Structures are given as structure tokens and as C-alpha cells.
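Here it is, the structure, as C-alpha cells.
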């Protein structure tokens, strides 16, 4: 699949979606986009800048939600113009989709909303690339129905994204089988390495996270085989206004991406044994 | 809490929300509402008729979705006028809330949408009673945040509803602890006995269900202690246009409600030991 | 099924297995057995006294394990002789089964060991009644295989016991569907209301528990329909040497049993709709 | 840790434990051990041959269990002598540990038995290296208690093994976080890539599996970072007498190991960012 300027897919180098969870300020947006652009250029990783203008589904109504639609889009446009990177943002049930799609390069739908037919269709209709996050409550094979609905709009640029499955209360587990099962949708599969590290609701009025497992999960997903990786990163997660506990410290991201890049190259060069493992052999190889 | 004409709560007899999943036709709506009204009058159970005008979040886009908003509200109004029962319907991210709230007595929010702050607020704003379903991905204690958001609108008629928690893929489990834990929200707790029997996505392009466990779960929930019970029922589940596999055959409902009524009376008369179980005793009772 | 002096089964009043987790002293054993015997006589509930001589599978090796086999059996024999109640104890992979079965009336196998074929057979061989706990990792339908192995020994007095299923880490959920599904084994189904309230490993080096949910779960299980209930109880759970956090305070047990007795009577008099729910009706009942 | 002739650990190349689930015949044992030895020599992977003499915990009592202790040990001794490889076998609650430990190089304890204190100690006492499988019901941090019990015997050669966690009924999920969390035990962490692909009990009277996810999971685990990998493999899984559905076809194993070897080298050369990720940075890196 052609995504923006790149070929993306299980046989192509992985692309990165990265940025702070929420747009905290114009300055932070420009700075982080620039920092990440330089780094990914250096590493040869196609890069899409991510940031949200409104965190609609915070655990508590007291949490910071972002600059709002108008100001948010303005900042994202500046990021595109000044830094020269494509941008992604997430949209919600009441987002004016056309307005957003006229600015951003990729839209992303929240995991909780993956089964809202009208919403998924509305987001896909403009034809802008869409990254559909799989619900924490959904099996990987059930994404086939979601993708079918999305494609009925004529949009050919649909991606699917694993971000962890419900595992008891206040915990998520990343099922690496999901990454290969979702390839069957025909869509590029993206792994969200930071929300997968979330401990939802685990801190009373906000969600907790295990930042230290992010590189573990990111490496594992790359080795399982994905088309892209999503990571939220912040220059200083301890003061991040959203998802700090599962945000990755930005100054540590290059070393992690470097390993991921090497792993990705090896895995994709070797090909995926799982695709032909039903060929069982005669048993007389010995 | 006063709900419509009744006092509802953990110390009051349970009320029933019941009806076919979706409005299949005016005739079926009037007939089933009438049948259920007579039955619940006979049993002395406060009754709210439930049916949906649009099933927005079907697994597949090929499934029957209902008569739509306008025709649906018209039928629900007729049910109110001709049968004389209050009605409940579920609303979605793109439902015109005011229009719906001007007709129905109770609105219900989908489990998948319980964390959508804007949506929950929009639904609660008119002040019409709202039954908020707990997400399959949410712990019972995390409903406190959801309720807090709902109450900030000034709406004092919020109910919370258990409908099963994600348990691996394509399966739900009803955690009966949840029914007592959610009492701490101060809201009447409703148990959805039919969706809890769902096997989500378990049948390819639609969700399956284990109809035979519905009475088991309904009895258990009543004994755990609830303010209300939600059940979808159809005169002939085998031809129901929605959720047939976990719809309860209507002609079997009276015998089940009768047992539930008796259990409810006993449990509420005895009171709830769990409310004072932190009083441990001195150990010298012997 | 005839168990000791009683008919037990889904159409018979429930029996109770109850006592402190571990034999802390002869005096405590005699006292608690006497107290529980009087109470259950008063309530008309068939009663089996439970206590362990060795808690082999504690989380930590530093925990109290009990008086050991010889002393433990001696105390259980005294309980039988002096109090006049049948006794149950749990056996482990290295327990001398014959020795134990010559004293106790019912043996119980640990949930973790339900898939150990040799062990299950060894325990069932003497013909003494056996209560087989379902593993936290096992589906209710997979108990059919376990029961088949047990019955191949010729033992006709096999019971199966639900004690919660793994639900993420450090948490268990009681699936009430399991209680009806396991009836298909043909064995009396027992619900363990105290271990189901466990939070395994949740307290570092010992398992935690939510004592306050025990009455909720016990009532729910009775209403779902069981042949027997298992509960660990202690005069003062705060000083219990084992499983305190999910042990039920003994002085609160009578009020809870009383409600359970009433619920049990109603449910069993009415019969179980789920047994015939596959009879769907013609849809023309209206 | 020194294991047999090699240094093993998170900073050492991974070792492989591999072989057919059960000893089907002397000829098959010698042949497969020879085939795997040649291959692993070629790839430079330290290799331990694995096969069971008795599959005690089969789902059904009708399944093939193996040649038994005496014959089994005789065959394993021949594998050692004729092929020149170290051997591993699994032991059970009633296995004569000393007899087994006098022949095999590594003993392995079943996941279901990880909480049986007496058993774990008995197996560890001879000092032979032991691979302790984590129970499907256990959190990774709860392995600390298990390891502590094992080490109290003086045995310094303890390994811990992830083989999937219960995820609803009849399904397991491999939590890759577990592989880094269990490093905190100080023991080499092994990933069991074939049992993790099991669908326990999923086929009526035997356990099913998803053979095609084995390479996905194996690659992911290597990238997460492990000391060793365990895989059951058979020349012809379709006729394997045990665990066929999640056994890996032997003629496909070399290509998969080759990729794993390359991934392992990269990951271990780069080091593990997660070990120092608590160092958050000042936020002024830009």
C-alpha cells in the first residue's frame, strides 16, 4: 500500500508514528517534530508526527484535554509547513472530520470506537489514510468486519493497529499473535507500543503505565512483523500532561529505534515462516 | 432514587427493562409491550419497555439495523400511548439526543462508549434518566469516574449497568462482585442478563450467545443484589433480526421472572452482609 | 448421589463444607466444629467440617503450614468422635492417601492439581468421596475429562468444585455459567465461596482476598444452582494463620447461611429453566 | 550462570531446548537428536535435547503417555552416549527424582505444579539444573516466591520459563512483559514457544494449538530478550503422538532458528533499554 510518499507493508521497512500524546503548546510541537524528524532521517525511518488536539476520553473529567480543534489544527499545519513532516491526529465521535482531514495526513480512530459503524465510515469517507485501533475487547480476527465496513467507503488506505487487549481489570496484554493474524485483513498492521504498556484506570482518576516495558514490547512487535510502529514520546514524561506513565522519554528513543531498525531488516529479509507453516512435510527428512 | 413513578434502589423491589433488541415492526412493538406489561403487572414488577431504532454497532455492516430514528420514535410513542408503559432506547455517538429525550423515558448508552466524555455528557444533559452500560474493558471501580462526569451535567437520574467483562477473545464473563462494587457509585445498579450471555464476534459476522445461561445469570445477579434487570426478549428468538442467540424466548420469561421476584424479596429483606463485613469480631464468640 | 448420610444433588437442599483453612490447634478445631454443627443443625443444613493438616502450596515458603499429617489426622478423628460431624481435608501430590482416607469422610484435591492424572486417580481409588476443585486455568467443560479419569477408578462419589478462574494477574473471577455447565458431568457441583474471593499473590508473599465479596458470591452461586457450598471461616480472620483475607468471620456466617438456605429452597422448588431453554416456542404466543 | 558447558544468561547467546514432546521410540529419539545436533552445531546454538518418558497430565486418560520411566531413561542415556548431547526431561509429582537426575542433565517441572512447594523442593534437591515453568495462572512477579523456595535447597542452577498465561477459556496469551519481569528473579529466562501456542482443551479430549504462530512468538520472545528457547518439534507433526497441533515441523526449524540467532545477536549487542528506563531525563534535550 502506498502511504503518503512511501510504500508500506509487511515487506517494507517499518514506518514510525511518534509524538507527544497531546499538543501541549506550539513550541513543544515544533520542537519535538523537528527533533524526531532529524533522528528518523538519520535512521532512515519514514516518520509521521502524532499529537492530539483534544483528549476526549480521559478517565477523569478533571484531566487536561488539549488546545481544542481550531488551535490544534493550526499548530499541526505549522508542524507540516515548518518541519516538513506529515502529521497524524486522532478523531472522535463528535470531531468535524472534513475539517480535520483537510489538514492532517492520517486520521486515527480510538480503540473504544472501533465497533461504531457510522463513525468508522464517517472517518474513512474523505479518503485520507486512517489508522483504526483495535478495541481492547476485540479479537484480532474480528477486525476483518471492521475493515470491511471501512473499505465500503472506497477508502483504500486503511491501517489496523494493535494496542493491547483487556487482561482482567486495569491491565492490558499485547498478544503478538494478533500482529500476524491481522495481516489477513490485507491492511498494514501497526503496533502501538506505548498504549499497550498502559495500566488502564490503574491510578484512580487517570491511567497508569509501565514505561519500562515499552522497549520490550516494541522490539517484540518488530520481530513478530509489523508495517509500522506507534509510540508516544515526551521530552520529559514526568511532566507530560497526558499518558506520562506510558510515554517514552524522547532522549532514549534513538537507541531503541536503532535496534528496532536492525531487527526489522533481518525479519523482513528472512520472510515469515508462519505464512507457509501449513506445509507440514512428509516426516522423512531424517 | 426516584425513577419515573417508582422508588428504585438496592432496598426496593427490582424493576425490569425488557423488549426485543430492535424495533422490527410497529405491530411487534405494540404486541410485545402489551404482553410484557400484563405479565409484569401480574408479578408486581415495575416495567420499562426497551427497543432500539438503530443498531449502529453491529459486527457486520450487512446486518439489519432497524427502522431508523424518525419511524422508531414514532413507534415508541405509540407504545407509550397505546400500552401505557415507559420506554427506553439506546443512543449513539451521532443520535440527536434532544429529539430522542423528548420521547423516551430512559436513554441508554452503549458499553463501548462509556469512556467518551463528550458523549456521556451530551446524553445526560437533558436530565432524562440514563442507564450507562459499563464497558467490557472497564473495572467496576472505574465507573466512579464515568458517573462523576455524568453527574457534572446536573442529571440526578444516572443508573449503571453491568453487561459482562472481556474474558479472552469472543467471550464475556459476568463478575458478580461488580454488582456490589458499583453500588459505591451511589447509582442504582442494573444487570443486563442477555448481553452478558453474548459470545461477541463468536459467529463470524455476527455475535453469538448462550441463551441457556441467561436464567442462570439473571438469578445469580438478583441474589447478588441489584436495583434493576435488563433482558432482551423475543417471541421467537430463532427469527429475531438482532441478538437472537442471546435473546430470551418471551413465553419462558414469566416463570423466570417469578423466581427472580421471590429471590429479590428474600435478599432485600435480609439485607446485605457485605456492607458491614469489615466488622470482624473479636474471635471470642465461641 | 448419596454422600455420607444424605442425598445430594441439584434437586436436594445444599450441603455445607466449612471450617478454618488450616488446623491451628486441637482446641480451635473442636470449638469451631461444635459451633458450626449447632448452627447448621438449627438451619437444617447438612454439614461437613473442613480443615487442612498441611498447606503445601503456600505462596511463600515462610508461611505457616499446619500440624502435619499425623497430628492433623488425630485432631480430625477427635472432631468426628467428639463433635459427631463428618470431616473433609485436602490432599496433595505426596500425601499418603490410604492413611488419610481411613480417617476422613471426604478428600479434596487442589485446583492446581486437577490435571494430574496419576494423582487424581490415586486419590479416587480408595472409594472415599472426593471433591475435585477445577483449576483456575480450566474451562468448565474441560472438567468432563477430569471426571472421566476419576470415575475410571470405580469411585462413584465424585464432586466437582468451582473456585474461580484466572482473570488477568492476581485476580480471579467466578463465572456463574460454570456452575450450570459443570452439572453436565453428572457430579454434584460445589461452589467454593471463599477461595473465589482470593486475589492470588496479591500481597507480595501471600495471597490477598476480598472478604466482603464472599456473601455476594455465595448468594449468587446458590441462585445459579449448586449442590453444595464450601466456605472457609475463622472466629477471627484477622489472626487466622492462613487465608485470613478471604476467610469469612464465623460470627457472621449464620445470617448469611440463613439467606442462602431460603434462596436455595426457592430456586430448587422452581426448577431450572436453563435445562429446557432450547425449546424455543413458535413465536405465536401473543 | 554456568549451565552444563556454557555460560547462559541475558548477555549470552540463547540456548535451545528442543525435541519431540514424548519419546515415541528409540529410533526416533536418536534420529531427531542427531538431526538437531548437526543443525545447532551449524548455527552455533548450544543445544539440549528434550523428550518426555511419561505424559502424566494429558487432557484425556485415553491419550498415549510414553514408554515409561525405565525404558525412557534408557533411551535418553543412549541419546547422550551415541549423539553426544545433554538431555532434559520433565518430571512429575510421583517421579523418582533421584533416578531421573542420575541420567538427565536438566529436569523440567510442569507449569501446573509450580506452586507445589514440596515438589519443587524435591526436584531441586539433587542440584541438577531445573527449568521451572511458570503456571498459566501465575503472574511473572509471583515467580520470585517460587524461585526462593527452589533456591532454599541450595540448587544454584534454576531457570524460569514462560509458557503462556490463561486468557479466558481454552486460550493462552504470551505476555512479552513477563520475559523482562522474570529477569528480576536472577534466573535465566526461557521462553517455551510451542506450548505458548497451545489452545488448551480446545479440541474436546486433547489440547489444540496454532502451529503457525510459533515462529511469530519465538521471534518476538528473542527480541524481548531471553536466555533460552524451548520448542517441541517433530519430523511429522501430523502423526505426532502428543501435542502435534502445537509441535513445530522439524524440517522448518533451521530457517526459523537462523532468524532467531540473528535477532538474538542484535538485541544482546545493543543492551536492554528497559533496564535503565527509569532514568527519565530533564526534558531539555532539545
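Order of writing sets the labels: A, B, C and D. Residues in every chain begin at 1.
Note that in this section a residue touches a chain if its C-beta (ideal position, glycine included) is under 8 Å from a C-beta of that chain, and two chains touch if they have at least 3 such contacts.
Since we're looking at a predicted model, the values are computed, not measured.
**Student:** What is the chain whose Cα centre is as far as it gets from that of chain B?
**Tutor:** In terms of C-alpha centroids, the chain at the greatest distance from chain B is D.
**Student:** Count the C-beta pairs in contact for A-C and for A-D, then report the pair with the higher count.
**Tutor:** Most contacts of the two pairs: A-D.
**Student:** At the interface of chain C with chain D, does the proportion of residue numbers present on both copies reach over half, so same, or stay under half, so different?
**Tutor:** Counting which numbers both chains contribute, over half are shared, so the two copies meet through the same residues.
**Student:** Taking the mean of the CA coordinates per chain, how far is chain C from chain D in Å?
**Tutor:** 34
**Student:** Express in whole angstrom the distance between the two chain centres, defined as the mean CA positions of chain A and chain C.
**Tutor:** 47
**Student:** How many Å are there between the centre of chain A and the centre of chain D, using C-alpha atoms for each centre?
**Tutor:** Whole-Å distance between the two chain centres: 33.
**Student:** Residues of chain B touching 2+ other chains?
**Tutor:** As it turns out, chain B has residues touching two or more other chains at 165, 167, 169-170, 173.
**Student:** What topology does the chain touch graph have (line, ring, star, complete, other)?
**Tutor:** Shape = complete; every chain linked to every other.
**Student:** So in the complex, which bits of chain C are touching chain D?
**Tutor:** Interface residues on the chain C side: 56-61, 92-94, 112-113, 115-119, 122, 135-142, 145, 148-149, 152, 165-166, 169-170, 200-201, 205.
**Student:** What does chain B use to touch chain D in their complex?
**Tutor:** Listed in rising order, the residues of chain B that touch chain D are 167-171, 173.
**Student:** Could you please specify the touching residues of chain A with respect to chain D in the complex?
**Tutor:** Checking each residue of chain A against chain D gives 31-32, 34-35, 165, 167, 173-177, 179-181, 210-217, 219-225, 234-239, 249-252, 255-256, 258-259, 262-263, 266-267, 270, 272-274, 277-286.
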